[in-house]
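Order of writing sets the chain letters: A, B, C and D. Residues in each chain are counted from 1.
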Amino acid sequence: MSEEVKTPKLDDLEKGPWPSFVSEIKTAAKTNKMAKDLLGQLEQSYEDKIGHWKHGGIVGVLGYGGGVIGRYSDLPDKFPNVSHFHTVRVNQPAGWYYTSDILRKLCDIWERHGSGLTNMHGSTGDMVLLGTTTDQLESTFQELTAIGFDLGGSGSAVRTPSCCCGQSRCEWACYDTMKLTYDITQHYQDELHRPAFPYKWKFKMSGCPNDCVASIARADISIIGTWRDDIQLVQDEVRNYSKAGLDINRDVVNNCPGKCMDWDGNNLAIENEYCVKCMHCINAMPKALSPGKDRGAAILIGSKAPIMQGAQLSSVLIPFVKLDDEESYKDLYEVFDAIIDLWCEEGKSRERIGEFIRRVGLANFVEAIGLEPTPEMVGAPRDNPYIFYQIEK
Amino acid sequence: MSETVKKRITDIGPPHYEKFLPPVIKANYGKWKYHEILQPGVMVHVSETNAKLFTVRAASPRLLSIDKIRKFADIADKFSDGFLRFTSRNNVEFLMTDETKIPPLIEDLRSIGHPVGGIGPAISNIVHTQGWVHCHSAATDASGVVKAIMDELIDDFTSMSLPGKLRIAFACCLNMCGAVHCSDIALLGVHRKLPEINHDMLPKTCEIPTLSASCPTAAIRPVTIDGKQTVEVLEEKCMFCANCFTVCPSMKLNNSEFDGLSIWVGGKVSNARTEPRFSKLAIPYLPNNPPRWPEAVEAVKNIVDVWKKNARNFERMGEWIDRIGWPKFFKLTDIPFQKEHIDDFKHAGLTYKTSTHLTQS
Amino acid sequence: MSETVKKRITDIGPPHYEKFLPPVIKANYGKWKYHEILQPGVMVHVSETNAKLFTVRAASPRLLSIDKIRKFADIADKFSDGFLRFTSRNNVEFLMTDETKIPPLIEDLRSIGHPVGGIGPAISNIVHTQGWVHCHSAATDASGVVKAIMDELIDDFTSMSLPGKLRIAFACCLNMCGAVHCSDIALLGVHRKLPEINHDMLPKTCEIPTLSASCPTAAIRPVTIDGKQTVEVLEEKCMFCANCFTVCPSMKLNNSEFDGLSIWVGGKVSNARTEPRFSKLAIPYLPNNPPRWPEAVEAVKNIVDVWKKNARNFERMGEWIDRIGWPKFFKLTDIPFQKEHIDDFKHAGLTYKTSTHLTQS
Amino acid sequence: MSEEVKTPKLDDLEKGPWPSFVSEIKTAAKTNKMAKDLLGQLEQSYEDKIGHWKHGGIVGVLGYGGGVIGRYSDLPDKFPNVSHFHTVRVNQPAGWYYTSDILRKLCDIWERHGSGLTNMHGSTGDMVLLGTTTDQLESTFQELTAIGFDLGGSGSAVRTPSCCCGQSRCEWACYDTMKLTYDITQHYQDELHRPAFPYKWKFKMSGCPNDCVASIARADISIIGTWRDDIQLVQDEVRNYSKAGLDINRDVVNNCPGKCMDWDGNNLAIENEYCVKCMHCINAMPKALSPGKDRGAAILIGSKAPIMQGAQLSSVLIPFVKLDDEESYKDLYEVFDAIIDLWCEEGKSRERIGEFIRRVGLANFVEAIGLEPTPEMVGAPRDNPYIFYQIEK
């Protein structure tokens, strides 16, 4: 621990107003040799303009097929303390809520068994414990479970579900995202820890169409809250926004994608039949407007990053479901299970569900899982006349 | 071994979130009525019962030492009854009921280097990935570029003078772990050299059919070299995606000279006003120039400035470009338009301009 | 043969248009200033010199006998100094300088069965193709369906009470000679039975590689039957496009029982307001029911009525659907949504609904 | 001629207000036996619900490879006079202008040599003379050329160009469509009459973005007039439209795709920099607004019907060209010739230029014909990161 590492390049990144990850690594490096070698290797990367990690290998804890990402330095002689530097993915509590207490306990565990460095949080949602050796994995795991935490997902498995804070803090949440997330996570424990799918499978839950966990862009199943009835509207508060300087015509009415609003300077009229629940007017005037009372969610399917057929956004599978109780969760799981079964049977290796659907065709897919095709599933009907008519012969 | 074997606990999932909720939330769960932004980084949610929850949001580099987390815990104890949370963009939020504690909290956060902001029409934290800190695939570092950019854009984090929200994301390779593909501005690490094939190792470490199948453009062909079963890459078909490397360590894409990053603009996720959409290519390549990637920082700053100056209220980056058109975007930002901008992948034909809606100047 | 061989004239191209322009046009060519619609089917163009050109537009079935053309010539001599033209939608226009001659002209046209109209927010003539009158490919007749529909929609031709222009087009097979693919309403003849392969004739009349290559879905495979080189069609891959028939007469698609037509909506060509766009499938199949195709007529009428009732000023069919969304379109028109509506061709994935912009009721 | 054909089905189509094609055929049938047999065969089709034409064969006139579509009845015994029933495509005068005189001459020719039936006009733009026999082709042709007409195109050739009436009658025409159409037709006479291309090639010319010949949907080259400077605006006339009842905000301003108009009840302001020349405001108020003075055209490329890769719209190739004189036409032909050369060399058989471009990629195509890529060519830049970087090695 004694000898100082020279890191002239990284040092530059300790300057400036934004909190510095370099300072974080240096702090850890004061007492942790893995962190110290990480600092050294990273400086080396900054010199060489290249990463110094070898292709990952599979490591893990007994009985689990995922939750740990194996990582090895390609300069083990120079940086022996990161020759093994695996990350542990720890399933975060829904909504990323913590108490000071529980955070301290987590820190204590990671002080004993790892680099003392973390990501709060990983892109999927896990708490990521950055860097440890193979022999520390089991003890880390056991201490985590002892305080009530479990590993997150990796590999061809259900990945750690995540959600926006929803009803815990947000007035717009159309269903209880945190409750559903907790329930889904528990329901799919086996599928989360023991990869057995063609590829990864992510669930993300947002309470309203603002989609604060970006579920539509990066979840195999995106559950996005919405409503069916009229927007709740307090005319007086609209007038207050107007008085306070909001240009309701220009900034609200003209931005309405449903083109269903009218503001006469005193009264805001909404033709709710044509409202597409985009949230804009509500976002702009939170005190005056709020989602209707008949709330639920739309279920979308299939988003993913580009590899390999190009990135996809999730698309509508079920336009609206009520999600008021556990009964309704079970109905959802039935749909998900039918999808997963089909995909496990017919999906190719490393083919995400979104790519699978595009390959077999949305209509065939919908039919195979026992749903009816509905116009909500498409942005528009086909424009090419290449129709596979099926007629009795 | 001890006599009574301690039962190994598995499959418990995460702790129930309720354990970590402040009382005000438990009492008002699902009853929030509206919110107001009180100042940059500070908002209040008011419930049907008139209860109030104050949130103070502070910046985070995401990569945190346990030392820093403990400091957050101390601050939470001091100001927010020990309650805090992290956001979907990796900021940290302190959840309070006592409004008077807000200024000293902000002061404490500042003193440990964590500015408060990111709420409302502001830039929030940059969602990012591992980079050279932990990933084998990285074509660039993540944390370093993010730090350099946020140092430059800090004023737009701590104030609220943007036309709308500005979401920047960063991913260090085409796997796009940051899901950058729907961001107002996305930075994406790119390779530009053919895979270096390790013909000695390949036959031992990789399955050739799997490897061939991994290539989106079918650039990989089995071939025998010196009697060994290995593969070759058809130069004109390779677009450097590194998917081959993901399935086979003997196909190295990382390259100190030619790796770098690309910049994408105009994506969004929310359904507010317009539908969610992908980001589109703005700058095909900028070099890796650590520690501060000045070219990338400058490019982002320029795009943000031009948007800020020209966009109307509520116009996210992509909505602004919708209105003014891509030709104007390139003109105003002074970014050269090149061959690389024109799509040539699967749906390329649908990206061509099939109307005369052109600003013509 | 005569001594002085008359030189055979070729490659002269069409006569120069100037020969056929009325003097008022020659004098004001390029100098027109504005126009006004005076009444259904009648407009005036006013030039910088204040000269006026009156146009009276009359319906035409496009299929005209020389007898009728001579009648038009007579009418032109009587009212428009012998000048007339046809439009890009096959109507006939009389070009006049004397306003007072308009009413008697209209009267004469009416008396020979040619109503005046089609200008402004109206339905104009249906662009169409050959059908059973002249084409080998036709899955339905063209002129007959067009006549039946226009008989029904005549009031919207002779008046101007639609929200905007309404362009209907008709093509009798997927070759789409009417270029129907960008129409407010398109009717398209469709086959629904596998090609009947004439294995006797095929080897004599068709080149098998060309034939195989003609199939967009690669459904055609070379095969040997009874020692003869011929082809087979993979049932599950054939979508009845008849391109194989275009290149090879021995692949017959026409079928009296299963042929019929499909209806497509919401396309447009003009750049006015929104960009040009394709029509989308509304009804996958309606039977051939000559002489008046009541199912097709009824379907078109219904769509027009619903649009007329619900659209705002200037909203073409597709723009109206943009606003209300496809779910509402299907609901209001009471057209069932089926598997066939969901695209499964090349760019299918881009047609899925990737947002939560849904009217939800 | 004497015996009446019984056509109960077709008779029904003589009723009703729309002019009847059946009446036209019947009129011709009175004096022409081909028309009479056509009527009979068509009635038969109406009975059988199927066409009775055989697959066309190649027929034509000496020295020409196109202009005639061969057609044969599959019921030649029953309808001998349509056993041969070819159509002759006659190149229309630009803008479809005629005099009564010339029409009568055309009718006379067709009375002597054909069925007496026509299409005024075909979808491509030709005058279509419907139905004659092979032996009448040459004399028809000679008589046509004698009065100044020539055949149109068919087969893998330049097809008969067509255009809107443009400056001859329309105040919005941004270039002289009829002049250019005439010039193009003359320039490509050889390519029009002697098919030598991979597939068909259509030119369509519209004078402004209203595109009254639908060129963007059905022409390999679409030439669409537009302008570069400010819209010409007469405020008083705007006020008149307003007074006359036009809701300028709702119907004009809110429909402006450039979102660049503002109407304060008295004054209409246009931020011309953002106007995308859509024509809507001009269409709505023709007396008040008109295109700018710096007029020209956008050149687009590649539209076509669905067979075989799916329908395409034309896309921008050159955002703006001046088309004021023959010099400027020549510059255009140079570009077209470069494109045609490339396509003839590298295009597959039956591959339209639009499909060719999609196959080789727009950027490669543009490069190959010596143009620079510009942002006007795309609706948006790529969204996938699959970039074929070209760097010096």
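Everything that follows uses one rule, which is that a residue touches a chain if its C-beta (ideal position, glycine included) is under 8 Å from a C-beta of that chain, and two chains touch if they have at least 3 such contacts.
What you are looking at is a predicted structure, and each value in this text was computed from that prediction instead of being measured.
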{"item": "Reference interface B-D: repeating pair among A-B, C-D or A-C with over half of contacts shared", "value": "A-C"}
{"item": "Result of counting contacting C-beta pairs for A-C and C-D, higher pair", "value": "C-D"}
{"item": "Separation of subunit C from subunit D, taking each centre as the mean of its C-alpha atoms, in whole Å", "value": "12"}
{"item": "Where subunit A and subunit D are represented by their mean Cα positions, the distance between them in whole Å", "value": "51"}
{"item": "Gap in Å, rounded to a whole number, between the CA centres of subunit C and subunit A", "value": "49"}
{"item": "Shared interface positions of subunit C, touching two or more other chains", "value": "174, 176, 181, 216, 241, 271, 275-276, 278, 345-347, 350, 354-357"}
{"item": "Touching two or more other chains - residue numbers and ranges from subunit A", "value": "209, 211, 216, 224, 257, 277-278, 306, 310-311, 313, 383-386"}
{"item": "Subunit D contact footprint on subunit A (complex, rising order)", "value": "254, 306, 310-311, 383-386"}
{"item": "Residue ranges of subunit D touching subunit B (in the complex, touch as defined)", "value": "209, 211, 216, 224, 226-229, 257-259, 272-278, 298, 300, 302, 312-316, 319-320, 358, 361-364, 366-367, 373-389, 391"}
{"item": "Subunit A-touching residues of subunit C, taken from the complex the two chains share", "value": "174, 176, 181, 188, 190, 192, 216-217, 236, 238-241, 258, 262, 264, 266-267, 278-282, 284-285, 323-330, 337-346, 348-361"}
{"item": "Footprint of subunit C on subunit D - complex, ascending", "value": "9-10, 12-13, 15-25, 27-28, 35, 38, 42, 45-46, 48-56, 62-64, 69, 71, 85, 87, 91-104, 106-107, 110-111, 116-121, 123, 130-131, 142, 145-146, 148-150, 162, 164-165, 167-171, 173, 176, 178, 182, 185-186, 189-190, 192-193, 209-214, 216-218, 224, 247, 250-251, 255-257, 277-280, 283-284, 286-287, 290, 305-311, 313, 349-350"}
{"item": "Subunit C-touching residues of subunit B, taken from the complex the two chains share", "value": "271, 275-276, 347, 350, 354-357"}
